[in-house]
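Next come two complexes built around chain A: one with chain B, the other with chain C.
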Partner chain A sequence: MVAPSATLSTLNRADGSASYQCPSTGSNILGSVNAPVELPGRRDALKPEDATIEVFVKPGTAPAGVGERYVEGIIKTLLGRVILGREKGYPRRGVVITLAVIGGESVGRGDPYLVLLPALLHTALLALLSASVPLSMTFSATVLAVDASGQIRREPSAEDAATAQSVHVLAFSSKGHLLLNESQGSFDFDTWEKVRQRASAICHGTQLVSADGDVAMVEDVDGRPLEGTLRETVEDQVYRDYNWKINAA
Partner chain B sequence: MASPAPPAPPPALTLPPSQFARLQPHAYLLAHLSPPASSNQLSIRANGRAPSQFRPTSANTGSLTHTNGSAVVRVGDTTAVCGVRAELLPTTDIASWSVSHASASSSSSSSSSSPAAPKSNSSSNSADAEESQIQDLNLLVPNLSLSTGCAPGFVPGAPPSALAQSLSYQILALLHSTRLVRAEDLRVWYEGPSFTGEEGGRMDVDVDVDAEGERDENSAATKKEIKAFWVLYIDIMIVSLAGNPFDAAWAAVLAALRDTKLPRAWWDVDNEMVVCSDVVSEARKLTLRGLPVASSFCVFEADAAAGWRAVIVPDADEEREIEDTAKRGMLRRWILADPDGYEEGLSQERVCLVVDKEVVGGEGKTVIVKMEKNGGWAVDSRELKQLLDVAAARWESLKQILEQC
Partner chain C sequence: MSSPLVLLPGDEVPSEYLPASSSAPLRLGAGLRLLSQPHPTTTSSSSTQAPSHVLTATQAGILSTDTKRNALSILSFPHRRYIPTANDLVIAQIHHSSPDYFHCMITPQAPHAVLGQLSFEGATKKTRPMLKQGDLVYARVLSIGLGAGAEVELACVNPATGRAEPGGLGPLNGGMVFDISTGMASRLMRASSSTGEQQDGVAGLVVLDELGKKLEKAGGFEIAIGRNGKVWVDCSNSGDVAVKATVAIGRCLTTIDEHDLNPADQKKLVSRVLRELKIEV
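== the complex of A and B ==
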């Protein structure tokens, strides 16, 4: 399993930006965040005490269509609970997140967008961190495909997802909540429980505590947990940014 | 001096409930859901429903005469009208048809055992190797319109809002992932004259894959080919929106597709075109795969200060404490089935479950077709399991409604 790689603050003009590559799904996303910005034509009646979050997803080769609207909605709802839109300077202003799909499979009409979703979410998170937008927590997400024989496959490619029995995207917060679940295809609840456990292991590295109090570590199966990968990316960036200060001390 | 009459109590500031509901929506709903223990009232939603109760649903099919199939579904005050219109797509109009079909037909004879072909549900009898034609050729075109003046927030005649677009996509994705419509129903075959003199199989007989071996020589001789496809334009108008548009829209799509009749169409060799019969008795209905039923939920949280205070996220451990207090009767969050517009405005977390039931060995087994949860952290596997039971019960009731109409 090749771990995803990410770079922060790749764009100069945006408040925050990140680029993210996930080799196993073949996705390559560039994201930028501008926050807080004044939004034109803002109706104060809407939610005056909170920041408005706007998400734009630009597909690689085609103009954005209904699928992008749907994914934008998902990302917006998720980030709405993560971004602290009531901090000083944010109410009535906007947090504008633009995510451009710059590589990988293009998504056709009516194709499931689920394979790309974790990469989009991670890019949005890293770009938000790069823009220093206050967040209540971080999160990590993964996509899993279950094939007809019940095998769970981590981060499938677009073709694998198309032939799979069901595809699941799960996002976990840094505090261990299940933040997002998007499942498509036919499956039963036991399958989903297995998927949830595996996804939790991928994101956090430990499986849920079993009945006898054991905490099973499954790092060897899935490599480093995603949460750690994202955290380390940010740590590296912070270290590089404050290099002058650290070395001077 | 006469003692003054006791001063009349100052007029209390009273508000009718409807005004209270507008001014303090959160407190209003919370007061309904958690009545004071002394009042001996049941916890009930502001609209008079129990937390897991759906709104009364009614369905009516065949209302629009110019469509191939239509339905009006009313879920409480949310009303969706759906019309299905079928149009012919000749294969000569498909740019890549000659290329893609040549390759597809050569592989189809061997694909019965290929692992790449997605296995169909155990309930559907035929594993159609070219089922993906629906998706590849865009044979299903759903569109949902909210700009009908359905709710104050939606301007009539405006371009489709983000909500309308994402609902259209959700319906399209669900049609594809449930494979509700069979590709075989949408094909118009042409069977060339059989020179071998055998009693030629009618077009609808040779779907089964098992007999393909013996039939291979036959089909080579009779040269059966697809001449056209039916494209189904599924248009949904939300006439009135009072929350939960997806459930109503999907139920309307389902009812309309169940009602859809396609006329008998055949290839006319002399005119070199597809012609349709206008005899109603020759028209055939679609045979749908299963009956996936959507049920949506929202989570209402009892944090009265949620409107202004900074967000405090409980830890996963604190979550357990919240659950413990819930067991002692102090509920802090409620999962409300089929939220109306008022409740939707007060909650951020949404759950949408689409379930179907298939009969395995005599007993019904619930199959999840789609499960979505977003916008919060209150719902985890335990809650989802409970919601699954609610959704399964909803499936039963909606099935009855759809079968009666």
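== the complex of A and C ==
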């Protein structure tokens, strides 16, 4: 399994930005975060003590449509649970996240974005970290497709997802909570439980079942846990930015 | 010193990284918060215990400890947006003026901060500075207000003494402003405020010393650094090379910020920029 590659702080003008290469679809996602900013006409928001989160998903070649609005809603709900909108400077201000999908297999108009959703979520997280927006925890997400024979396939391509029996996107927080579950297609509960265990193993590298030989095998298949990859990306950038401090010490 | 500890949001600060002295209270800086955890035990005997506290990070960055002030904070990415904090020195631009206040911009797309018409050194109703739209002031953040949507207040004078403390607060006339990252701004602040001569500069910056040496003959320069990622440079003493020298200083600072140069490269850059602009040193 090819690990995703990401870079932080790629844009000069944005407060925070990240670029993320999704290995399965070949899409490159560019995310930018501006926070905290004044939003016009939002002074009487429903939650005046909290920050307003705005997410925009821009497909590379077409104007944004229904599918983008839908996935924006999903991302916004998830990020709303992670961003600490009551920290100093954030109440009544906006956190504006823009995610542009560049290249790769284009998503058809109105298609759900499930295949791209983990990449969008990771890009948003990295861009938020790069903008130093206060977060309660980090998360990692993955997409799994179940085909007719019950085989679980990790990070399917768009064609695989179209022929699959069901597609699931799961996100886990760094503390192991299940943050997001988006499923599409027909499946039963046993299948979902298997999917959840596999997704947890992909994100955290450990399974909830008692440690035996099985766990080690699963880890071999999935390579390094996603959480570790994300953490390493952030650490690399921190070391690069604070080179002067680390060398001096 | 051991290798620096990088924390991500949600990570707990390991107890061995906390400053050892327990006499002074621990001060938490940016990017950290205190969480109370109820005890996970079920027995009734432990319910009388106080809940345990953990320090967790809310931003990604290096954990920095200051043993002298007994303080902890997270050094986060340098390109973040500036969030006003009391007592920070900032360079603000006047947006418009109202009877009592000047309304100033500290960062773009943020609400205006207010600066009292009389909060300048020696200002009375007759002698207050008449600032126009677009003028610059070097000011201190006086208060950031309480609660959501409160206004940030600036002042160019210490309200207790009536003097511009620290020196240099007030309108900035002439010169030019360059944008740098907030991380670079705080590094420059540390580099220029420290008096002790060090071999390789403070915070890895030798550019100001180097520029000062090279431009001494041309008449030197004035510099003001705002925590909001602005730096103001004025070379009006330098005569006919004033504009060139201003551009050279700005170019050096923004290039070092962009490419994160080490002290040796900073010296090379200064020589190269001065040569390119044909400033004689």
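The definition used in the following text is that the second predicted complex is superposed on the first by the 237 of 249 C-alpha atoms of A that agree within 3 Å, B and C clash if a C-alpha of one lies under 4 Å from a C-alpha of the other, contacts with A are read in each partner's own complex, and residues count from 1 in each chain.
Convention: contacts are C-beta pairs under 8 Å (C-beta built on N, C-alpha and C of every residue); 3 or more make two chains touch, one makes a residue touch a chain.
Since the model is a prediction, treat every value here as computed from it, not as a measurement.
Visitor: So in the superposed three-chain picture, is A:A35 touching just chain B, just chain C, both, or none of them (first/second/both/neither)?
Guide: Touch partner of A:A35: chain C, not chain B.
Visitor: So, does A:M137 touch the first partner chain B, the second partner chain C, both, or neither?
Guide: both
Visitor: Touching A:S173, do we find chain B (first), chain C (second), both, or neither?
Guide: both
Visitor: Examine A:L129 and indicate which partner it touches, taking first as chain B and second as chain C; both and neither are also allowed.
Guide: It touches chain C, and chain B stays clear.
Visitor: Looking at A:R240, would you say it contacts chain B, chain C, both, or neither? Reply first, second, both or neither.
Guide: It touches chain C, and chain B stays clear.
Visitor: What is the contact status of A:E182 with respect to chain B (first) and chain C (second): first, second, both, or neither?
Guide: In the superposition, A:E182 touches chain B alone.
Visitor: Identify the partner contact of A:E72: answer first if only chain B is touched, second if only chain C is, both if each is, neither if none is.
Guide: In the superposition, A:E72 touches chain B alone.
Visitor: In the overlaid three-chain picture, which partner chain does A:E87 touch, first (chain B) or second (chain C), both, or neither?
Guide: both
Visitor: Under the contact rule defined above, give the chain A residues that sit at the interface with chain B and also at the interface with chain C.
Guide: Comparing the two interfaces on chain A, one with chain B and one with chain C, the shared residues are 49, 84, 87, 136-137, 173, 175.
Visitor: Where on chain B is chain A touching in the complex?
Guide: Within the complex, chain B contacts chain A at residues 116-119, 121, 135, 138, 162-163, 165-166, 168-170, 172-173, 175-178, 307-311, 313-316, 319, 348-350, 356, 365-377, 379-381, 384-385, 388.
Visitor: In their shared complex, at which residues does chain A touch chain C?
Guide: Checking each residue of chain A against chain C gives 8-9, 12, 15-16, 34-38, 43, 48-49, 82, 84, 87-89, 91-93, 129-138, 173-175, 231, 234-235, 237-249.
Visitor: Quick check: in the complex, which residue numbers of chain C touch chain A?
Guide: Going through chain C, the ones touching chain A are 1, 3-4, 6, 8-11, 31, 58-62, 75-81, 83-85, 109-111, 144, 147-149, 183, 187, 200, 203-205, 258, 260, 262.
Visitor: Can you name the residues of chain A that touch chain B in the complex?
Guide: Those residues of chain A that touch chain B are 49, 65-67, 69-70, 72-74, 77-78, 80-81, 84, 86-87, 109-112, 136-137, 148, 162-165, 173, 175-189, 192-193, 196.
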